[in-house]
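What follows is a pair of complexes built around chain A, which joins chain B in one and chain C in the other.
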Partner chain A sequence: MSKVIFLVDMQSFYASIEKAANPSYQNKPLIVSGDPERRSGIILAACPLAKQSGIKTAEALWEAKNKCPEAVVVRPRMQLYIDVSYQITKILEQFTDCIEVYSIDEQFIDVTGSQNLFGTPQQIAKKIQQAIFEDVGIKARVGIGPNKVLAKMACDAFAKKSPDEIFQLNQDNLAEKLWPLPIGELFGVGRRMEKHLEKMGLHTIGNLANHPVKWLQKRWGINGELLWRTANGIDESPVTPSTHQEQKAVGHHMTLPRDYQKLDEIKVIILELAEEVARRARTHHYIGHTVSVQVKGSDFQVRTGFNRQKKLASPTHFDMDIYQVALQLFQKHWDGLPVRGIGITLSQLEKAEIHQLSLFDDPLEKIKLNETMDVIYQKYGPTAIVRASSLMTAGQAHIRAGKIGGHDKGEGL
Partner chain B sequence: MQPNKLTPGYNLMWESSRMMLPEHKQVLRAHEKELNKQTKPLLDEQQITLFSEQINEAFHFRQAIKVKVFDPFETVYRIGEVKQIDGQKQRIKLDTNDGIEWILFQDILNVSIM
Partner chain C sequence: MRFIIQRDLLIESIQHVMKAISSRVTIPILTGIKIEATQEGIKLTGSDSDISIESFIPKEEYGLEHVEGIEEGSVVVQAKYFPDIIRKLPLKTVELITDDQYKVTIKSGGAEFHLNGQDAVEYPHLPKLHTDNSFELKNDLLKDLIKQTVFAVSTVETRPILTGVNMIIEEEHLDFVATDSHRLASRKIPLNLNNENISFKNVVIPGKSLIELNKIIEDNEETITISVTENQILFQTKNLYFLSRLLDGNYPETSRLIPEQSKTIVHTKTKTLLQAIDRASLLAKENRNNVVKLQTKSNNEIEISSNTPEVGQVNEDVTTESIEGEDLKISFSAKYMIDALKIIEEDHVKIEFTGAMRPFIIRPIDNEHILQLILPVRTY
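Entry: the complex of A and B
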């Protein structure tokens, strides 16, 4: 028996939450936008009414205001969005225990075993839409398929456009429905890949699906075969509820308020990131073997920047160790051009309780110092003690403390 | 062989394509932990009498005992010598390898003499 997988997706999630929270905005166009004073001043979400006047997500706030001057503009409240997303997870738990949260507004669920209780896939989808709308006032779209990739494409390419916002895609209607669509609509095809495929004469999803897979493998390896499988609706990955349990890396990335060009300024940021990464690794009792640095250049046209990593001699979760390696990597690979964003990641994690001690440096003092700092952080928050360098104009520590994902945290539920 | 994005049964294809805020993941991890929370079982009264006899015996003959202690998230055993039985505060003092440990009567789920 084939499985029944849903992708449940929230319509313009952030904007819908703001509308549900404030009924007087109900019939007005509404946009959620980051701080226009800073780089994050872009449209994060626009309600369907606002989208009618041509507003697109990720464009600048002033562009959106030109298109629709009467739109209500609200600041993001990231903590609230996370809380509502979690509430929706709990609603879905009434239908099945097999849930994989894919992003803040998309969740995969496996309802194969729920059909005896709740009816046909169509009926279950309707019930889910109803439950979510009654509880949190948000419209959900449901893509149905025998696996995750078909559920995802049923949702993205069809459910969003169909009147009841439910669509089922399976091997029987794949060729008829999905294959005529342009190649850019295939899940996993970005703008660059779209151009490459079009140059090969593959303009529709069907063209790709019927292209010999070995040629795709030859050119793109695993990713080529993955796209071919996606076009043919093949996906053998199960809905995995435990997918967020294991932590593979601790990382933090920051888009800077302006382009930083001086090494002294960038050092401040690298240190702040190293501190954040180290602190998070310590709170979760992890220790990591590899430090990597991601740098984004300021020019969008010519992509500058790099992503380099280094394996450490002995694993660490201390800020100065991470900072030194990160700075070394940065100085080695930086081309001197203005920097728009920096990220630091600590990976190859293992539990901190068991690890080989370094022979040559004495970590006891470091351990005691960091333990003390962790207690202070826990009691008084992440900005209770900061390094003096964070108080310089380049520092971001205080601004960052009020943010989630680079946007205002706001109040939760 | 290392699993890749095409390996059946693995989830790498989706894990490499998703965007999740660390704060969101943390909420989900806490939820998962809460789902696996155990409640304390109700013990039979005769069972409790048996435990108290075993603890008394171990105390008098200075034998080491292994006590299963209730914890909502994990299975915990404590092994050590009974140093004191405190009827006032309803607890026993256990001398374990990790030092002195006080265990409340009500948290004891099982006792065996080593």
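Entry: the complex of A and C
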């Protein structure tokens, strides 16, 4: 018997939460936007009313206001959204125990075994929509399929547009429904891939599905085959309750409040990021073998910036070790152009069970110092002690402490 | 150029110079072997500009004629093909002839190859060293020095200077030191110098050069002359000329890192300990750091153990000759310990510990000239 997988997706998640929290906004267009004074001042979410005026997510706040001057603008409350997302997971747990949180507003669930209890897939989907709407006041869309890929495409390409916001895709209606859609709608096809495929004459999902897979493999390797399988609705991957079992890397990225041009200012940021990465690696008891640096240039047209990595002589989870290598990488590859964002990642992680001591630096002193700092952080928060350099104008440590993913944390539930 | 040569001698010479030849060089002609014929004999040269090797085959030696019918000249042949051709020829002798287009004809029995060559004038000149900083050593002693230290050089480029072996001459002693910062190997020998003034501290020879040199020089009591300049070192025997670049930078001062006092001293049989560690490491290989634990017990016993939760665990009690001082429990890399014990030829070793978080020293008993130092690992 084939499986029944749902993708449950929340409509305009952040905006819907804000509307549910404040009924007086119910019939007004509402947008959630980052701080207009800062780089994060973009539209994070817009309610369906606001979207009718042509507002799009990720555009600048001033652009959105031009389109819809009467819109209510609220600042994000990231902690609240995380809490609501968790609440929705709890609701879904009433229907099945097999839930994969895919993103903050999308969750895969496997209801194959729930049909005897709750009815046909269509009936279960309706019940889920009702439960979510009654509990948190948000409209959910449900894509149904025999696997995750079809559930996802059923939701994105059809459920969002159908009146009851439920749609089922399976091998029977695949050719009729999915195949006529333009290739860009296929899950996993980005803008660049779309262009490549169109150049090959593959304009619709059906074109790709019926293209010989070996030619795709030849050009894109495993990824080519993956796309072909997606187009044919083939996906073996199960719904896995926690996708993040083994962490592969610890990384932090910062979009700067303005473009930084001076090395001295950038150094402050690299050090802050190195500290955050090191601290998180330590909290999860990881050490990493490789440090990488991602830099985004300020010019969107000409994509400047780079992503470079270096393997360490011995694994680490200490800020200064990461900082030294990250700075080296940065200085070696930076073209001197203004920098818009920087990220640092520690990868090739392994459990920090042992630490090989070294002749030339005294790791014991470093270990003790960091253990002490970790205790202070845990007890008094991440800004209880900061480096003096973070107090200079370039520093971001204090501002970042109040944020999640670069946006205001706000109060939780 | 033209000559007839004993094939086995030519093969040996080719093998020597091939040690210096790399397919990844910036000057294309360095992918070739230079052959020079003079009335004295045949000289082969290979170089990757870090290491250069010249091997000489004399026309006559010990009354035997190695080369006949020499017409002087020179040519550069492609190292990709030349060695295999010579190796597979049918007879004991081979004849080489070049024409004015640098085409090399290789004849042996009925086989005849025509191989395109290059003008030897294009081949870079090897620098001639002019230095008084020279001293002599027996071949076998130099091989010992290399074998007992070079394994400890660093293999990562994080601190490039550590990829070399530090050669020190001080107070009539020659000392080789290598460390990758987690372990250190040192071997000292007394040196009878004719030249009293010779002394240096910051000569760092790339580990790779020494490994290649060790493959080429024979294990005998013949003499090798070592000459050092600012940035190069030359090893010279009767028929071999081995030139290597030296590493730039300051080698860290290592003598002060070696603990002078100890808290626990273990005397034991070298082989017994080596085998126990080797057995314990069988399970430890799974985890990347290959860690074993050593714990002192009563009755002069030490326990060697290793635990890899996914695989299993192993314990072994080893009877030692004596344990003096404090009790100790220490963890370290089995690989470093095995490397260190393997190069000790003496039957008994003394291990001096100064606590679980401090470096420890392994020395053969009655031989202060060999020193192996290992940094422990800290377990959480």
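Rule of thumb we're sticking to: the second predicted complex is superposed on the first by the 406 of 413 C-alpha atoms of A that agree within 3 Å, B and C clash if a C-alpha of one lies under 4 Å from a C-alpha of the other, contacts with A are read in each partner's own complex, and residues count from 1 in each chain.
To be clear about the criterion, a contact is a pair of C-beta atoms (placed from the backbone, for glycine too) under 8 Å apart; a residue touches a chain by one contact, two chains touch by 3 or more.
Remember, predicted model here, so these are calculated numbers, not experimental data.
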| item | value |
| --- | --- |
| Contacts of A:236 with chain B and chain C, given as first, second, both or neither | first |
| Partner chain(s) touched by A:85 [first = chain B, second = chain C, both, neither] | first |
| Chain A residues touched - chain C or chain B, whichever exceeds | B |
| Chain B versus chain C as contact partner of A:350, first or second or both or neither | second |
| Touched partner set for A:37, first chain B, second chain C, both or neither | neither |
| First (chain B), second (chain C), both or neither touched by A:176 | neither |
| Which superposed partner A:311 touches (first chain B, second chain C, both, neither) | second |
| Chain B versus chain C as contact partner of A:365, first or second or both or neither | neither |
| Set intersection of chain A contacts, chain C complex versus chain B complex | none |
| Residues of chain C that touch chain A when the two form their complex | 154, 156, 158-159, 179, 181-182, 184, 252, 254, 257, 287-289, 291, 331, 333, 357, 359, 373, 375-380 |
| Residue numbers on chain B that touch chain A, as the complex places them | 4-6, 8-15, 17-25, 27-29, 31-32 |
| Partner chain B, residues of chain A touching it in the complex | 78-79, 82-83, 85-86, 89-90, 100-104, 108, 148-149, 188, 222-223, 225-226, 229, 235-238, 240-245, 280, 404-405 |
| Residues of chain A touching chain C in the complex | 285, 311-314, 350, 352-360, 363-364, 367 |
